[in-house]
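Note that the chains are named A, B, C and D in the order they appear, and that numbering of residues resets to 1 at the start of each chain.
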Amino acid sequence: MKKLINSAETVVTDALRGLAAAHPDLRVDPGGRIVSRACGPTPGKVGLVSGGGSGHEPLHAGFVGYGMLDAACPGEIFTSPVPDQMVTATAAANGGAGVLHVVKNYTGDVLNFELAADLCAEEGVEIARVLVDDDVAVRDSPDTAGRRGTGATVFVEKIAGAAAEGGAPLAEVARVAREVNARSRSFGIALEACTTPVSGRPTFELGETEIELGVGIHGEPGRSRAAMRDARELAAVALDAVNEDMPLSGDVLVMVNGLGGTPLIELHIVFAEIAERLSGRGARVARSLVGDYVTSLDMRGFSVTACLLSEDLARLWDAPVQTPALRWGR
Amino acid sequence: MDTALLTRWITGIAETVRANRERLTELDAAIGDADHGVNLDRGFGAAVQALAEEPPVSPGALLRLVGGTLIRRVGGASGPLYGTAFREAGRHLGSLGDSPEVSPAELARALRAGLDGVTRLGSAAEGDKTMVDALAPAVRALESATASPAAARAVAEEREAFEAAASAALAGAEATIPMVARKGRASYLGPRSAGHEDPGAASCALVFAALLSAVNDPGQG
Amino acid sequence: MKKLINSAETVVTDALRGLAAAHPDLRVDPGGRIVSRACGPTPGKVGLVSGGGSGHEPLHAGFVGYGMLDAACPGEIFTSPVPDQMVTATAAANGGAGVLHVVKNYTGDVLNFELAADLCAEEGVEIARVLVDDDVAVRDSPDTAGRRGTGATVFVEKIAGAAAEGGAPLAEVARVAREVNARSRSFGIALEACTTPVSGRPTFELGETEIELGVGIHGEPGRSRAAMRDARELAAVALDAVNEDMPLSGDVLVMVNGLGGTPLIELHIVFAEIAERLSGRGARVARSLVGDYVTSLDMRGFSVTACLLSEDLARLWDAPVQTPALRWGR
Amino acid sequence: MDTALLTRWITGIAETVRANRERLTELDAAIGDADHGVNLDRGFGAAVQALAEEPPVSPGALLRLVGGTLIRRVGGASGPLYGTAFREAGRHLGSLGDSPEVSPAELARALRAGLDGVTRLGSAAEGDKTMVDALAPAVRALESATASPAAARAVAEEREAFEAAASAALAGAEATIPMVARKGRASYLGPRSAGHEDPGAASCALVFAALLSAVNDPGQG
């Protein structure tokens, strides 16, 4: 394993030092692992906080800024942050109108955010929470920890962020966030596993013509192993998995997301097939993102996330955003 | 059982977790996200440091400090869960007045409170392929081996109680191998999770092995 | 080799189909391989055209839009486009005030753009050309084809694009473009080679602890092989190579660029070290980019590009830009 | 030598380039960017198609069509260079009136014009480790073998001229192996470029081998 790191122990701190140097419009505490807007909380605005394990960059710190998050707290690689970080991030986001915690549905994230919310409530901060659980590769049943939160997190953070920026109260921002999650589904495919800095070995081994279907974003193996196919067929596998769980029609917001080690040219090839297949079903790519947004270290592969847009959601999606990883309209 | 013994316990956990760091991480790589060993190493290392910086005055305070440190430093699923286990155990002793010395039976009841905290927070039952599969039988073994009045028991019997707990935890951890996970990350794999030992159950067996060592070790202070 | 493609032959066309589907503000001709602004040329504005082999995405098509390029023509993977494409792109960019060709210094690109410029001149279009040659890994001597054009291309396209958008005449846009190139230097390091779709094998083989210093962006081996080191030392190697050729001081525009298969978290770690080392030399990161901008398919590694900013250049850098890959200020 | 023979030549180049596609690409992978075989395959394939669609009426027109097609379809360094070689050769014949039949000596002079075009455009000299290292000796060999008045030469001797050109090209290509490149991508490698055959020189040897085959092959039309 060759990685551009100084040591496995300092990966997150070192990356945050780099983020700080690259983005003067962010306030970054590399030791405390808090990233927030340099301008501080916006008085009277609902605050948005998210956090989770590192290794998914640009998620979440890359989405801090006007129109999206107020603060983020990155944990260790693939490890949920601790409640103290969440409490500090909440304080950095709190403009007095309450704070929404955007939590990806993983046991660790859920438990730590739960403990944090208790602490915040003790300090008198009004907290609402949205659980993102869009990954259809996992069955949402009592036999699982529930569907994982993956690509839809970007949609939730963007759209809820726009609602908050527009002055909506906490309950409404939370409602919009939950609506986005309810209308979104994802499915991921890996061509190669990722390698965590600590273990130094791929989290699973794939043969020359093997792929893993239904992977999450933590290097865990997926739903099943399959034979490698061309981009058109792989796009179909991913889109059909989404469509099976939530039939796609009308205006759809589509993200073809790279998992960290996939070049953009390949993502565009997948996106071409997704767009074509979607329109073959009578749906339409109304808005889109193609690139690395929710990654899994250096994993090779992609995920597809689709969100059924309403007019309101489309308007909030189009609203100005000014963050390291998403920018438009301002 | 006093703070010296419990400090030896926590120090022992930190040492065995450090020694088993790679093994725990490998277990987690197979059915999780390859961080369990690192997570616990960070957490128990911090706990040992916290105990050294401000040595607690009672077993209850010690367990609360360890629990709080784990919650504050580990993250992931195991941080809140292990943290809650220790904190709730400590709180139970606190509710009894935080005496400077507790009996094995009292520790068993405290660990029962810790187990209850874990299942309340994580809502895992035995058979779900989690740390509960090692923790629950270990607590049961300790409870039943310490059930008779203390006066009637010899020191040797007490050691046997902790031996029973350690082997129950180990057996519980091994029993997770064929299980299909229903909680935590491993549950994402469905049937593919069978055939692998649960990392949290494996680390829980280390925790009870360390407790046995601490009891067996006369200590220096 | 597992790649998200349909076939080695259709990679470029398929990726352009995806680009078209993702960016309604671009006019994309996947067959003809021309990408231009959907709004057509801006009357009276100097046009900017660039092009080169594919495999460097988002370069160049991802930089078409307000404030940057008017048109781009992607060739086959690592193969300069042909003169006909350049002529068509020039026509799509021509607002009547002449067109600047931004050409990376490779024999193929130079020769094809030369033939194209002749054809454009025959049609009465005024053409100026800037040759980008920033890669200090290659000695600029009669014994080589001259330094390669790599990362500085982004700076040239952005800054010259702003000058053109601001109404500067062709000679001035060309002068600014040449000034940016003259003030810019790059150096690249590979941890793993890339694999071209046609050959299906890595372009060179590196051992578990070997890296290649001074690589370009076409999978060619670099200046020398070396032992893997930590991020801090690798950042120093790259920055020192740049600094040796062009001493760095004052305000510097710095890009830490991923080569296609490197996750963002690692690029931020490198950037942290670059920024620290620069300020240790009395220079300052005045502006920066961290991410994938000029890639080499799926190569793992990074390059560093530094440009000595003047006040004028900084102002042009800050000017609004609205392209798929660079957006701000509008 | 008429358009039928030259059409056989171009078709032969396309075939041998297709057969050697991987080898040429491998050579380019070692000291370039692994596309030379694909580039020429695309170009000569297109040239064959262009000849079939609108068969040219003279060798000069044929060579110009091939050259223009290569320039329009290949890209890279080899597109303009090979394209210029054929186009300038064709232009030379055009300047002489585009007769439907040319002598080997006339072809030699045309190829000399092509070589001049290549060196004008790419400014490579012999020894720089480029296609020029195969093209220049081949042209020289053809020139000297066809220098005596046509009337004095037998058909067999003509074949020998093309044999001489083909072996000169092959020897020239092989001679690039120890060279340190001073032009094109391989020059980026400096001394590391030594020890590898130049892909453009290798393809140029194929071009002259195909010419010899076309001359030897009586053809059908």
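Assume a contact is a pair of C-beta atoms (placed from the backbone, for glycine too) under 8 Å apart; a residue touches a chain by one contact, two chains touch by 3 or more.
No experiment lies behind these values; they were computed from the predicted model shown.
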item: Geometric centre distance via CA averages, chain D-chain A, whole Å; value: 56
item: Between chain A and chain B, centroid-to-centroid distance (C-alpha), Å; value: 33
item: Whole-Å separation of chain centres (CA-atom averages), chain B against chain D; value: 78
item: Overlap residues in chain B, where contacts from two or more other chains coincide; value: none
item: Graph class of chain-chain contacts, one of line, ring, star, complete, other; value: line
item: Contact pairs between chains, per stated definition; value: A-B, A-C, C-D
item: Footprint of chain A on chain C - complex, ascending; value: 2-7, 11, 14-22, 54-55, 57-58, 62, 191-192, 208-209, 211, 228, 230-232, 234, 256, 260-273, 275-276, 285, 288, 290, 292, 295, 297-298, 300, 302, 327-328, 330
item: Complex contact set, residues of chain C against chain D; value: 53, 75-84, 106-108, 111-112, 114-115, 137-139, 142-145, 148, 196, 198-199, 201, 203-204, 216, 218-221, 223
item: Touch list for chain D against partner chain C, complex; value: 25-26, 29, 31-35, 38-39, 42, 71-81, 121-122, 180, 182-185, 187-190, 192
